[in-house]
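Next come two complexes, and both contain subunit A; in the first it sits with subunit B, in the second with subunit C.
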Partner chain A sequence: MEIGRDDGRTANQLRPLACSRNILNRAHGSASWSQGDTKVLAAVYGPKAGTKKNENPEKACIEVVWKPKTGQIGKPEKEYEVILKRTLKSICLLNINPNTTTSIIIQVVSDDGALLPCAINAACAALVDAAIPLKHLAVAICCCLTESGYVILDPTKVEEQKMKAFAYLVFPNSAISIIPEGSSHMEGELMEHGIITSVTHGVMSVDDYLHCLERGQAASTKMSAFLRRSLQSQAPNDSSRAG
Partner chain B sequence: MVSANVSGDLSSEMEVDAFRRLFPLRYHERFLLDSIRPDARPLGRARDTSLALGAVASADGSALAKIGCTTMLAAVKMEVMTPPKESPDEGSIAIEFYMPPICSPLVRPGRPAEEAPVVSKQLSDTILRHVNVVTSFSGMINLKELSLVSGKAAWMAYLDIYCLDADGSLFDAALLAAVAAFSHLRIPVVSLNEEGRVVVVSEENEEGKSEKEPVNKGKRKLTLSSLPFSLTCILHKNYILADPTAEEESIMETLVTVVLDSSGQLVSLYKPGGPVLAYASAVQDCIALTRQRVKELKSILNEAISDMEVD
Partner chain C sequence: MEDNTPASFVDQLVVPGDVVLDLSKMGNQTIKLGGGLHQDCDAITVTKAGRLRFSKPNKYWVESSQKRYVPCVEDTVLGIVVDSKADNFLVDIKGPALAFLPVLAFEGGTRRNIPKFEAGTLLYVRVVKANTGMNPELSCTDASGKAAEFGPLKDGYMFESSTGLSRMLLSSPTCPVLEALGKKLSFEIAVGLNGRVWVNASSPSTVILVANAIMNSESLSVVQQKIMVDKLLQRIQ
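Let's look at the complex of A and B:
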């Protein structure tokens, strides 16, 4: 049965994605990511010398600052900062530059639903632009559950508010390896089906959540392909960039 | 001096405590190989949990929850307020979570803990599940029950949770304390005085107040539908450890918190990053462990409530 979404998309269709890199001059890396009308700008500065007080000096440290579009910084922003920090920490190779800090600043330009996934995608593209060593990229998606039990992807703000429950899921991006049966299988499950991060709002049954996971995994392959295309096509940066 | 029997290097000559501090991951993995943890718990078992209701005598509802060494004190105080125009027949709840310096050596007055706003936001998301759909209602507390006189007076409940000892699984203990405090809550009796304002009727002056009829004499307790309970697990390689201590949390950083309500619905599955990826099988295992834990916690809560009522 078809669900009529307000903007005419099908249940599995994502909004038009756009990603551009190297938009800020002073930042070591920057990217802007937009999904439909939600747009987030991310800037990366680093690695800088020294770590913060309680952090392990044998590893690199990541710091995230989240700036909302309007208003003061409150608890929701602090929570986003912690989620983003832990997600990005898990994709970075922390042993390469020990005792350094990399700062990631997220600026919300416009919010039309699925804000946290958009910010994670923007931060990932900015880290690539800044040439921070990463294990793999992170692809974030928002799945929500309607009253009637259907799962739809990438909601707008209006849709998000009408939903029974929604989940922000972050997956590693799918790898293209030279070895066909590559080492990316773990006990029969592909590496890109494992969740890096999951944040849910609202009540849903366990089966609904697992259903959301499956849809999210399928959509993340599409987003990985888009990410690969957009990051490959942009011109390689010259090494003499003002820092 | 006990020698840990790993590959013969420094460890065979070192004391256990020193080995635990210098090579914490290897120390813990040595136990995990035998499916046990340093405090002799099997991997899926949570620490001893205890609940004491009515810990704060001056509050309208309070509870002290202890999971292992993690201690949380929750108290609810009710105040009358005018409801906002958009929702004239609903009260409101304000939730605050504090981590004072007493709870952990890492928290100092000028250096607030990183976990405090996160736990605070998670608690408000869980307790006040925000539902915009008019028809269905899903939440522990129905805000319409907190209304006194529609449009003029409603209850504002201040829930304060203090962490007294932070030893891992802060959200679990805080949620348990909050749920217990709301279960213990006795709404104060109020009545309308001559100017039409709502005043609290105190227990002492009962005589000669026949004009002031208590407004809410019958309704002294909140009806709580579907209580939420949670369990935090750590994922490390192929192991799933339930209810970690602070030491385990700092070494193995991948945490998954599952909140289920008493009808088995998933309220929240929170995994904030972490080096280990969670596959569907791991997610299912965590949910199964949480289901068991929900049964344990429900019986502990019911026991504590019936102990209170006997007194």
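Let's look at the complex of A and C:
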């Protein structure tokens, strides 16, 4: 049954996505990601020599700074920083540049719902722009549960405030592979159907959560195709290269 | 949808996470992996976004352009002296770690004639050792011990670019921008593979013109580069 959303989207429809890379001159990698009216700018600096005091010097270290649009930095911003740091740490290959620090700075340009997933997507695109070695890309999506029990994707701020519960889910991107599908089966779960991060708010039943996961997984394949196209369309033009 | 031959991904744009080679299907060949590829048991995955390249007989790598540099042996780079210690100069080459330049790594270098480089001196150097986790080591001589143009670069103007632009400037046959500029102007240029370019000419306006032409030429095709250079040259003559 169709439920009516304020802006006329269906339950599974995402807002228009836009991604642009290499927008900041001085940052080593930068990207801006917008989903509808939510827009986040991410800048990556590094890898630079040296790690912080409590970090393992045999691995690269990642540091995240979150800058809100207005107001002082408080507990919600610190929480976002920790979530982003753990998510990005799991997609980076940390053994390649030991004893270095990569700093990622997130600046919120406008917030209209699904802010953390938008920031994760922007940070991932910025890491690719800075050529930090990654295991795979991360695609983030927000699924929420309405009062009447329907799962909708990518809410606006107004919709988010009316929700019973919501979950931010981060999946690895769908990769093209030379190995045919099915040969990477592990105990019934295909390798690429993993999940990297899940942050939930509110109260939902287990079945609803599994339903959110399914919908999020389906939407993540679409977003991952969009991310691949936008990364490829800005590849350097090498038709003038010789040999 | 994919045919399982390695040639199917060569010369295509790939993103991190793509599996491009399956070693279990390739028999007993030895293959060499360059930058941007990582081995995960039997699968070779991509770690940087770019174009996958293959060169006979057995080399695979991902070509991409970025602002930071990954040190490789036998690369010639432009470094800036940051500090000097008893045995080494500490040189910044835009990589993950500072590089060491031994004080004796000059032609005819002995303990008595150690050069004095202040912080901020620009040097044209060669990378001798580049291992993960260690600081790279540099040298101001070529493999046989001669000076060969390495050393401090005086006067002129240095600007930063991306590694892709540096590779394009150093490609052979000569890059169209440099060819078109060289026909009308006289200047000298040093290109570091770490994304730094140094230009020197007799007048500052020539230096500015050459620097701007090079900076604008990164994303242009051959014909567009020639047109851009012609337009810039028309403005000053």
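Here is the rule we use: the second predicted complex is superposed on the first by the 231 of 243 C-alpha atoms of A that agree within 3 Å, B and C clash if a C-alpha of one lies under 4 Å from a C-alpha of the other, contacts with A are read in each partner's own complex, and residues count from 1 in each chain.
Going forward, contacts are C-beta pairs under 8 Å (C-beta built on N, C-alpha and C of every residue); 3 or more make two chains touch, one makes a residue touch a chain.
None of the values given here were measured: they were computed from a predicted structure.
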First, second, both or neither for A:157, with subunit B first and subunit C second: neither
Touching partner for A:93 - first (subunit B), second (subunit C), both, neither: second
Subunit B versus subunit C as contact partner of A:47, first or second or both or neither: second
Touched partner set for A:176, first subunit B, second subunit C, both or neither: second
First, second, both or neither for A:231, with subunit B first and subunit C second: second
Touched partner set for A:82, first subunit B, second subunit C, both or neither: first
Partner chain(s) touched by A:137 [first = subunit B, second = subunit C, both, neither]: second
A:202 touches, of subunit B and subunit C: first, second, both or neither? first
Subunit A positions touched by subunit B in one structure and by subunit C in the second: 172
Footprint of subunit B on subunit A - complex, ascending: 53-54, 75-76, 78-79, 82-83, 85-90, 147, 161-162, 164, 167, 170, 172, 186-187, 189, 191, 193-206, 208-210, 213
Subunit A-touching residues of subunit C, taken from the complex the two chains share: 2, 4, 6, 8-9, 13-22, 36, 38, 43, 45, 47-51, 63-68, 96-98, 132-133, 162, 164, 167-168, 171-173, 175-176, 218-222, 225
Residues of subunit A touching subunit C in the complex: 28-29, 46-49, 93, 96-100, 128-131, 133-137, 172-173, 175-180, 227-228, 231-232, 235-243
Subunit A contact footprint on subunit B (complex, rising order): 106, 111, 114, 117-118, 120-122, 125, 129-133, 136, 138, 253-254, 261, 264-275, 277-281, 283-284, 287
